[in-house]
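Next come two complexes, and both contain subunit A; in the first it sits with subunit B, in the second with subunit C.
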Partner chain A sequence: MIPRETQPLISNAELEKILISFESEDPSWFHQIRQIAREELKNNGFPDFKTEQGSYTPWDKVLLPLKFSGRPIERFSANTDLLSSLDWNQIESVIGQWPYRIVMLNGQYSIQHSILPSGLEIESIRSVLKNSLNIPIQSMFSKLNLKELGPVLNLACFKDGFYLHFKSNQCLDYPLVMLHIATQAQDYFSCSHNVIVMDEYSSGTILEYFISGNEDQSSLNSEMTQIYLRPQSQLAHAAAYLNGIHKNQWSFQTVEQQSGSSFSSRIFILGGAWTRHEQVIALKQPQASCGLEGLWMTQDHQQAENYTFIDHQAPNCTSREKFKGIANHDSVGVFDGCILVRENSMKTDASQENKNILLSSNAQIYSKPQLKIYADDVKCSHGSATGQLDAEALFYLQSRGIHPEAAQQMLIDGFSREIVDAIPWPEFKTSIWNRVNQFYKGNSK
Partner chain B sequence: MTSSLKKNSANQYTDEKYRYGFTTSIESEQAPPGLNEEIIHWISEKKNEPTFMLNWRLKCYHAWKKMREPRWSSVHYPPIQYEEIIYYSSAQKQAPKSLDEVDPEILKTFEKLGIPLHEREALAGVAIDAVFDSVSVGTTFKEKLSKLGIIFCSFSEAVQQHPELIQTYLGSVVPYNDNFFAALNSAVFSDGSFCYIPKHTRCPMELSTYFRINAAKTGQFERTLIIADEGSYVSYLEGCTAPMRDENQLHAAVVELVALDRAEIRYSTVQNWYPGDAQGKGGVYNFVTKRGACRGYRSKISWTQVETGSAITWKYPSCILQGDESVGEFYSVAVANHFQQADTGTKMIHLGKNTTSTIISKGISAGQGQNTYRGLVRIQKKAAQARNYTQCDSLLMGSHCSAQTLPSIEVKNPTAKAEHEASTSKISEDQIFYCRQRGLSTEDAVNLIVNGFCKEVFKKLPMEFAVEAQKLLAVTLEGSVG
Partner chain C sequence: MNQNREMLAIKNLHACINEKEILKGIELTIRPGEIHAIMGPNGSGKSTLANILAGREYCQVTQGSIMFENQNVLTMAPEERAQRGIFLAFQYPVEIPGVNNAYFLKAALNAQRQSLHEAELDAVDFLELAKIKLKELHMDESILQRSVNEGFSGGEKKKNEILQLVMLNPKLAILDETDSGLDIDALKIVAAGINAWKKADRSVLMVTHYQRLLDYITPDYIHVLIQGKIVKTGGKNLALELEQKGYGNLDSLQLTAMHEQRQ
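The block that comes next holds the complex of A and B.
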């Protein structure tokens, strides 16, 4: 490869300005971590097409909103204008009605809009960080791997987020819905950081919705969630990205699982200009299990990226992955999944599956299913297939008098149904189906 | 139950010395260590090359100077001191004209290796272009081939006699600035094989070369160029055995294949360089760039490799499927025992319509061995109806070895289809028990299972190679069960 001389996407002076705008009062222990992240950001800069991790991402477009973040952030916080402009009926028509909800408005935790279940400990992350007696949270932050851009950018910039704590044996009766709403008048960059801790034998469901309007301005939201699952706890998580067409979303999730805990995750990328969902899952103790599923459907110039990294650190753990994608028009889909089985992780059972469909000649799909295995007594497999809709199936349906478009829709329907039908929450399923059906309409025009 | 038995057999085989480890004492004429413009002038002058070659070498050297050694692979080795390598060494001062002129010491070396040139000539009907160190020793069966118009000679001979072919095709598949090691090779390559098959000709025999590193501290840089003109067919074999050395030796070869309309090239490799001892000391670094271009309509290139040797194997035989309906194939068995590291795989670049590619990769890791499959399947926008099937299986023996599968699939055409499948497994106790119950020893049982595992690839090798490959595999893996 011939080395290319390129201008950095964001110059150091610009970066300095951005970081100043995100300056906030931190307790001294946290200030140190933030400084490390900021140094890392300054030293390594932003990725470009040359690096393996960044080779599929249009960084120039994605990072553009960062340049505008030099403006005071308060303008975009949960002020009264925005409060009144929120139309709850409209939002509920998208997401359905739920008894509990946490609302994040432009990356800030909004207590006014949230309805919290009783007995659940939920706080703003800022106040948790300031509590010097909370030793566990200090170690959580100090153990973060500050080598990847996602967490580094987030830690360098985040101002708020929430801290959620399920106590031992606590079970939530209904899913807790987390609503990320972006309403903006101009280009902006927002950043939030959340921590979820589930103590022994607790169980809960967290459903995340990312919604925004179709304004002309581009924006970038970086969201990072640290999840800690203590022994025998269970967390079911699902995220639906239903953003508007100019919204860039970068989510980064780290999950640490202790013995016997189980984590299930469902990712639906059905909107937004660019959406990247990264998951780093560490199975730290025996008998932990995780299951990740995902569906993305892109059209026009959308780009959807799924990154997963499952780190089997203990014996007898199980992991399952199933990601499906459909790309139409000029859109791009990326799946990059890695399963790492460490030396002593015997009896690991891991599987990974990725299936993609291309509907147009300008669409692109990149798939990287990776296995790294350092133990011999394991069962690991992965499979990836990329192609078009089965021509014979299409012909069969047409021979039965079904219009080609309808036939195509039926096949896409069947393809996505495998993931969507497995959703155990009816209202969530409905909201996903609505979006999937919209995709058909956009597809057939 | 069988632990003591296993240990015995394990020791027996682990201690088995590298069968092909010996050196011949022939005075070699060599360049001083290090690399600079002067050395390149010296090499070019020594080989009496035309100006275009010297200019090309210099261009490559300057490109190499600007490059940095790649670090993205998962192999680990101490930094290579490029200034201490001797870039040119010729076993004899003058090139021999016939076998009689060949130094008897060299002939004896081949004798010890089990490839006596005379016998081979008559028995197997194989023409061997034997590269001993860096200069061709003898070329056999040349006349028979030349009657058909086939050119099969050493690279330096081709430079002298067929400069127009060299000028057209050299660096056309692997550009001079392709990668660090290819650029280094392009600057200093000493010799190699050249093969041209004219239009509508089927090469009547398997062409073959034996490579062998000899003089101490000599890096060997060969270059192979095979051109199959319209409608022709050639099967080329490459086999390697290297003598035992304590110092690591760098081997950076470049292989370029060009297949025109309806031509077919089969390129098979059995690689058995010195892998280092059981403690991971010594061994050859095998950093090779191999690439084939299917330029013509319905052309076909098939790579088959059995990699059992080398401390580090780092190579990706690739196919660029330019012509419509062209076919690329890659069959590989890679074994990493003791402290061996193998980072190998392939690249299939689909450019033409209806192109198909098949990748079958079998990785076996034992001891502390590391085996990585790294592959790329790229289907470009115009490659309508392109089809790829990839299968990567890994077999792990022992708890300290590792297997990595790192494929990358990029599809830009909706009518294309790419599939990837991979699995990782170990030889199960049940399988061994079943075989032992039938009266097989543990070693035999493992051999049986491993052979079954690799069968798909061995089937693709020419007969005599398949036998050799099976033996090699057994020798490499013996003592690694338990």
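The block that comes next holds the complex of A and C.
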């Protein structure tokens, strides 16, 4: 990729203003980490970090909302009109009815809309940071890699988020829904940071929905989640990005897995202007397993990016990855997946699959699978293919009287089915199918 | 039934694939109720003709005309041809992963009904109809819930084509080597299915290499296609003759055809 030698999109003076607007009262141990992140931001120029990971991203559009972040965002969450204007019937028609939910409104926790399961420890991350007795949280933050723009920006700016703690043997009976709603007529930037800790033998499901209207102004939400899975714990996670056409979303997830733990993830990017989902998974102890699946569909000028990094650090761990993407019109899709198998990780079983479909000659798909294997006696496979809809299949459908547009939609549904049908929660599956079925509109350009 | 009415009229049809002329002046007329068979050596252009009738784009028509019920077929999109009653049973049916066979069949059926301004079939009515047809073809109902042709055996694929035929109830069925890949019993069942579908005004154009299909579906005419031209047309006994003597003795005819063409 060509490095861009242009003016930084956000000058240091502007950056300074942004950082001041995100000033918060940090405990001293955290203040140090925050400072490192802020220095990193200033020193590296913004946003041109020298990593390859940003090379596909239209930074000028994505970061524009940052310039407006001087506005105090609390003002919005205090706006009762905004809260009462939410149409819950409409929201529930998208996400289904669930007994538990955490609602984030423009990046801020909205307690009056949230329904929390009893017995589960949920706290504001701000108050957890202030609790100096919570030593593990200090080491969790101090071990973060502060070299990439995603986590650096998040750590430099976030004010709040959740701390979620599953105690040993605790099993959540229903999925915990995290609903991120952006409902804003003005540009804004919001930023939140979450920590999820699952103790031995606990299990739970977290379903995230990102929804917003097609409002005129753009926004950027940065969400970072650190997940710790202790021995034999199980977490199932899914995220549906169903944002409106001006919303930029940057999610960054780190997962640390101990022995026998399992993590499943399903990422659906079916909306938004720009959506980037990054996952860094460390399989730190034997018999840990993770399964990542994803489906993205972009059209017009949308962009969807999936980054995965699976770090096999221990023997006998398993990882599965399957990502599929469809790009129409002038849209862009990215899959960048790296599997690292370290020296002592014998009997690693890893597979990665990426399949994409280009519906238009103006659309772009970048697929970058990487396998780095430094151990013997491992089973690793990967495959990547990008092509067009099968012309033979299209003709077959047409020759049975089916209109070409309907035929294309059928093939798109067929391509997606493998990922969508595997969703174990019927309501979630329905909301994804509803989006997928409506994807194809008009002839591809 | 008006015996003089033409259902399909192909006149002086020339067609190319990648600039190579494959069909070199086909003349063929099919009237309602008639069964025509086309035989001929591998690569002679039989499937090309079948695909052109269905609207396949890779075959370019350079000369001639095709009329179906007095309408110009060549300007119609493939789906329109299907909706008007032209059906091609593929020599190699296409596998379509992730597309449910029942969903596909129902969509096809309703697309056709829509074009005829008939009410769409709902899931219940569709299933009822499908079950009757499946039974007639001795097919297992489970085939409805599989992806279209995916992982089907060769015979299952051919049967699935005939299932579509009897469900969609076209006016003209073009069967491209529907018999190949079918075992002896399956051939009888499929032939019975086709015969049950074929009413007085329905026509068939079938491509085959073997007499055995013709034992069950008796053709009114047999045409021999060699190097893109119909070099001989005869009655149902022509197949037996060909089976004994091969296409070799038609070489002279073929040479004459080529000679004529040059002149």
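Basically, the second predicted complex is superposed on the first by the 428 of 445 C-alpha atoms of A that agree within 3 Å, B and C clash if a C-alpha of one lies under 4 Å from a C-alpha of the other, contacts with A are read in each partner's own complex, and residues count from 1 in each chain.
Note that a residue touches a chain if its C-beta (ideal position, glycine included) is under 8 Å from a C-beta of that chain, and two chains touch if they have at least 3 such contacts.
Predicted model, so just to flag it, every value in this text is computed and none were measured.
Student: Contacts for A:410 in the overlay, against subunit B (first) and subunit C (second): which applies, first, second, both or neither?
Tutor: Second partner only, subunit C.
Student: Just checking: does A:31 make contact with subunit B only, subunit C only, both, or neither of them? Give me first, second, both or neither.
Tutor: Neither partner.
Student: For A:402 in the superposed arrangement: first (subunit B), second (subunit C), both or neither?
Tutor: Second partner only.
Student: After the superposition on A, what does A:143 contact: first (subunit B), second (subunit C), both or neither?
Tutor: Neither partner.
Student: Give one of first, second, both or neither to describe whether A:130 is in contact with subunit B, with subunit C, with both, or with none.
Tutor: In the superposed model, A:130 contacts neither subunit B nor subunit C.
Student: A:393 contacts which: subunit B (first), subunit C (second), both, neither?
Tutor: The answer is second: A:393 touches subunit C but not subunit B.
Student: Among the partners subunit B and subunit C, which is in contact with a greater number of residues of subunit A?
Tutor: Of the two chains, more subunit A residues are contacted by B.
Student: So, does A:42 touch the first partner subunit B, the second partner subunit C, both, or neither?
Tutor: neither
Student: Name the contact category of A:418: first (subunit B only), second (subunit C only), both, or neither.
Tutor: Once the two structures are laid over each other on A, A:418 reaches subunit C alone.
Student: Please identify the positions on subunit A that touch both subunit B and subunit C, taking each partner from its own complex.
Tutor: none
Student: Spell out the residues on subunit A that touch subunit C in their complex, using ranges where they run on.
Tutor: Its residues touching subunit C are 390, 392-393, 395-404, 406, 410-411, 413-418.
Student: Give every residue of subunit A touching subunit B within the complex, in rising order.
Tutor: Interface residues on subunit A, with respect to subunit B: 1-3, 52, 343, 346, 356, 358-388.
Student: Within the complex, which stretch of subunit B touches subunit A?
Tutor: Spelled out, the residues of subunit B in touch with subunit A are 66, 72, 177, 179, 381, 394, 396-426.
Student: Help me check something: in the complex, which residues belonging to subunit C touch subunit A?
Tutor: Result: residues 54-57, 77-79, 81-83, 88, 90, 93-99, 103-104, 107-108, 111-112, 115, 147-148, 164, 168 of subunit C touch subunit A.
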